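Both complexes below contain subunit A, partnered by subunit B and then by subunit C.
Showing the complex of A and B:
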């Protein structure tokens, strides 16, 4: 699985100098163009019509230009020396060049699309595009240079903590900014900018350094992430529009994390996962105080949550016991069939084709909001003078649920059970020979994942107000799977990123909504072909998917034992 | 008695449809050990392919004459074989040595992609109807029309067409697999790909033949489906594919005869379950549930299937 080569190494050797010059000129042009008007009218993007008064997007373009310059001049400013860590300056410059070009292309296209035609792009926009193109083409001619070894840096504790705080603050500001704007072009351009920034940092080696820190200071990182997530509703000023999206993201992420235990950790392809979520939701609905609930027993919510989880887990056991004994492919198709059985059964339990439990395809509407003592989740509240709407209340509850799932996920991953799963994933027969209880561990993953889905489903039922069978169909399972595959199998962060992207993109880009499923399918195919380990890869998974890539194996080995890499660099 | 016979005929004709699709699962599985989830969609593409031929040739004149039938069949086969080979080349082949999870996920992706592609873009062909909802399928003279009455047993013409199509296909398939060089190369590859490669068999080509063979039969099924249910829809591949897979497992996956037998048995079981299971759980609303319960039961009690050529456990 090689990457496409645009310019051969020999050409880079010959024209490296010209490329550098061209890229520098292009980058300087791009930076200066930020002072010129880009668009003809204020209507487009964030209003880039004034000279010497750059809009936020123009500033982003300038930042990308500066990054190209920084990457190209870096080796001059801090020449490589023996014993000093290598910084991937030129790799960063290449990433920034590519990012700047994509960014400018998107900007020009958005201006044209929003104002009707390329005529509306002002001269400054064209200058910026040419500059970005020059920077891109020039950096392609520059050889990427050595891999960064920044990850092996020994840094002081306060610096590491500061880095975590900065990253988290940047994440909060970035998400709030992206959500604050309804303009599709702006959203895409911002996404391109964020991607370019991350790619540049990863070229420099900063990302590897950050991930090394994240491993060393895991508790701090997780705590910081939750603080950021907790603070998010306070940035919304009581508005429920974005909070509704945020709760959707969290429910979706919670379900995807549960599925990731099954798919990512244990390596079992479960295509009926949404049915377990549905089973939890229907259980909670039937036991709720809705006027349409069919059972006359309304236990307190905490009991309902447990029952929902247990119902799903029981279904998991029923499906898992026969199928987990045969090979994994069968599990995939049987779970697919189970998803169908679930949907049909829920439709049929309407009192006509079967006993009345779910009211058929009408489902159970008017599920009341949760109450906890005198606290009703349905009513807006105020905390420290900042108003919080209905969705914010559920958001906090869901944060607790997702924290629970993340806790289960990471504890399991680090435990004896988790190591058993790794062994099964990599070679089932060898694992069995080593005394791993293959069937038991698989069943545990399957039923455990189902339990978590049931819990998430119970909360979802109350948050959604109504539960119908068509909310829980195969395509939703495929959607969950796409989030895992896109984000990264077997990682928490990857799933969170994948879930956020998959919910946010169609929400913000209305014109994509129609092609949503088509793009999911394509995502699955393309990711499996080019990056099966996902955007944010678990190192172990990455190795499993690229078994014959020796270079990658060596690199991962270095990162796991940084001291060895440092020795290699100094020797 | 005629009642039982009637149910049997209904079951067999339904099963013939499953059998035609099931062969595709089994042939591909037998050679690359891949469950091609997207095979149901290949069947759907075949149905739309034959519909396309009629829309081009027959719609303007409203013609339903019999000479259109072979042309529609060819159109369907070209569409489904083309798509199957394309997916094999672009999506599955690069993953041949990847961990088993990868091609499975790709197959799901292909399946969703094909469904959505047809839904969104079939109507973009100039003059073609929008495929977002079900499209009426042309009814061809002679193969559809008033049902035949054979001594109290009523047989729809389309059902008879399906059974005849299965019989013809089964004979051709038998001859192809057992009597031709290519067919024997296929058998050899399915038994041991590495050794066959050493014997000079082009394994890549055999895999393409397997995909094409399955797709061609699926296209026949697509045509039969359209004639039988009088409309097609971009979603038909999902349930039909699941059922056909059940049939393939029932017969013993990897075993071509097994797929045909499994399809017929599944069809009969489904029809019998609908009409003879007493109480509220009997009606047609539950028939899919019973088919899938059968799949689970087979996996519990006889994972190698009815004719079981291959032991299932290949993790």
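Showing the complex of A and C:
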């Protein structure tokens, strides 16, 4: 993989000292500018008009400046020594410099856009922008220095648990803050800040350390993540606006995770996956107590969920059996066609062209809310004095569903079956010659993924209230695939991040919603060029995408050894 | 960990062939592609604890014959019996029947660790399904631990005990060859097919490979080796089969094959000086 080089290594050698000085000055200017007013009116962003009274966004800018300073001074404060772990100070400074510049650019653009023109940017804003530019340009002149080895740090248990708690708390606060504001500029700037922060930590080596902890303390981490997800509705004060988005995110993520078993683990390109979600949704709709349901059998919901999953899995078997014997590209074409066939079939099952099952393009509306005993998902409830709306109820149900899917995903991945899938991805012929049941494993991935989509679809039907064929078009399959490619093939966290971004951005930013196809397309192209393994990649996938990168292979080799040794010691 | 690797060889005494030591019996195997007869009524038998060499000049049909044995091709006529049973026509089923192979150009799973590679070899001898894998039932845990232990034993056996967690693609060339053998052994074979196991090796690595193959033979496995390195094959094998133009030219002990003028002719041509040269080289 080649990254774009702005400044050659030779130039960095020659001008490193100047760069460092310029960056330090720029960063100090950026920090001080937080005490100046940035905009002329309170209307812009979060009100940055008062001197010596920084708004949250201004504080973020100051933090980025401080990070640049910390990164540049780090090597002086804690010089590298033999036996001491290497910290990627300068890499962090470079990331923070870039992040600060992008952040300030977005702030200035947002102020100009929201108040009508660049004149509305106060002198403090310009000072901050210049400071950030200096910090960015200066850090570019500084050589990145050695890779961090923090991941090998042996830390005490309480520190590791504390780190997990801090990360989770930060995630909850960050998400709640981002969703709490309707201001588009603020949302984007905050995303940029969060990205810059993550990049800086990654440069320092903290992210690698955290991911090593995450591997050692998987159970704790997953539990903590679910606690955070569970707490989220309580931060919303009964409002359904954000909870509606959150449930959409989870349904989307659940479907994407199911697809990730097919695409990320088994390595099969499925372009018609949304049809399985649709099959589950239609099954649940037809069996629901809606006045428009075409079947007069209304089993309890848990049975409906199972039937929906089985219907989808059966479809998966029917499609998979003949097509999984052929190689990659053909499968993509067949599944693409299957997605369309599914949609057209649902339109034609309207009582005229075929038997009346789905009421054609009208679909099945007025699907009643779920009830569980005396608990109705449609009515708002109150827990510990905090009101929870309709979407919060579904949100909790969906959390259970996605927890199940994550469980299936990660446990299959780490089993005999998962090893078989990796072997097939690596070398199908060799896998077959070593006794791996290639066809069987592929079919299982295909049908299993379909089953999970069917389950998610059944819940979606009730949450959406109505099910129509045009909800399940090819574009949706494309988005699911985009979430996986963007987030990271074969990882749970990556897909969650990808799904969140893909749903959240269009909801929060009208600009993104209008141009979403263009923007997502561009994003994917950029990703393919610079990071084909996705934002959060599994190590194995990273290796697969960089077959000729020996340095990466060596580094990952180093990273798996200590953790594997540890596993052996505890087992 | 301390227990040495023991081959469990189920079905070894089920062999119903005339010689109950026979593991693989190929009788009258013929393979035609259209008008071309690549392999022409070849008879072939390998016994347990025996190393059989398969040689022949380029285009002699070695690879085609090899593919008939591993289930990639189904012979046009004739039959291949493994442990007294007809060989199934699919590579996967052949492995399950007790025959494992390595590849001429190494085909490891490069992005898996050495241990994982060997564990994949255990796939066909384990049966944990999706359900027990998801709930982590007792069967899954028992089987997973056994798989891991067996894989580690095999790595120790081939001399890779210390590279357990290295990525296969980062291993040196000779180690990759050993790893491939360990992966093949993980399928509990009674017969091991080695396709040019020393291709690209230096003399020292070749000697190590030789020792390893003897060690595997001593476990009671039958071994078939295809090789171009004559010195290697004649020191290693108990018997050698020479194929020329799809037919058996000669089958016998290394000494017999070595001294047969037709073998020399097939490799070098009929020039008397050439033959003398080769003879000299073979004796060296």
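Here are a few things to note about the model shown:
Everything below uses one rule, namely that the second predicted complex is superposed on the first by the 561 of 571 C-alpha atoms of A that agree within 3 Å, B and C clash if a C-alpha of one lies under 4 Å from a C-alpha of the other, contacts with A are read in each partner's own complex, and residues count from 1 in each chain.
What we mean here is this: a contact is a pair of C-beta atoms (placed from the backbone, for glycine too) under 8 Å apart; a residue touches a chain by one contact, two chains touch by 3 or more.
Source: prediction; values computed, not measured.
Residue contacts after overlaying the shared chain place A:376 against neither subunit B nor subunit C. Taking subunit B and subunit C in turn and counting the residues of subunit A each one touches, the greater count comes from B. Of the two partner chains placed around the shared chain by superposition, neither subunit B nor subunit C is touched by A:235. Using the contact criterion defined above for the overlaid structures, shared-chain residue A:553 touches subunit C, although it does not reach subunit B.
Legend: residue contacts after superposition of the two complexes on their common chain; A:337 is shown touching subunit B, with no touch to subunit C.
In the superposition on chain A, A:181 makes contact with neither subunit B nor subunit C. Touch criterion met: A:436 reaches subunit C, while subunit B stays clear of it. Legend: residue contacts after superposition of the two complexes on their common chain; A:294 is shown touching neither subunit B nor subunit C. Contacts of A:86 after superposition on the shared chain: neither subunit B nor subunit C is touched. In the superposition on chain A, contact of A:444 is made with subunit C only, not with subunit B. Contacts of subunit A with subunit B, set against its contacts with subunit C after fitting on chain A, overlap at residues 429, 544. Note for the complex: subunit A touches subunit C at residues 407-408, 411-412, 415-417, 419-420, 422-423, 426-427, 429-438, 444, 448, 540, 543-544, 547, 553-554, 556-557, 560-561, 564-565.
Interface of subunit B with subunit A (complex): residues 33, 35, 37, 91, 94-95, 97-106, 108-117, 120, 238-239, 242, 245-246, 249, 280-281, 283, 285-286, 288-289, 292-293, 295-296, 299-300, 303, 312-315.
Within the complex, the subunit A residues that touch subunit B are 1, 263, 267, 269, 271, 319, 322-323, 325-330, 332-334, 336-338, 340-341, 344-345, 347-348, 353-355, 428-429, 474-475, 478, 481, 485, 514-515, 517-518, 520-525, 528-529, 532, 544-545, 548.
By the touch criterion stated above, subunit C contacts subunit A in their complex at residues 70, 91-92, 95-96, 100-101, 103, 107-113, 116, 119-126, 128, 130, 133-134, 136, 140, 143-144, 147, 164-167, 169-170, 183-184, 187.
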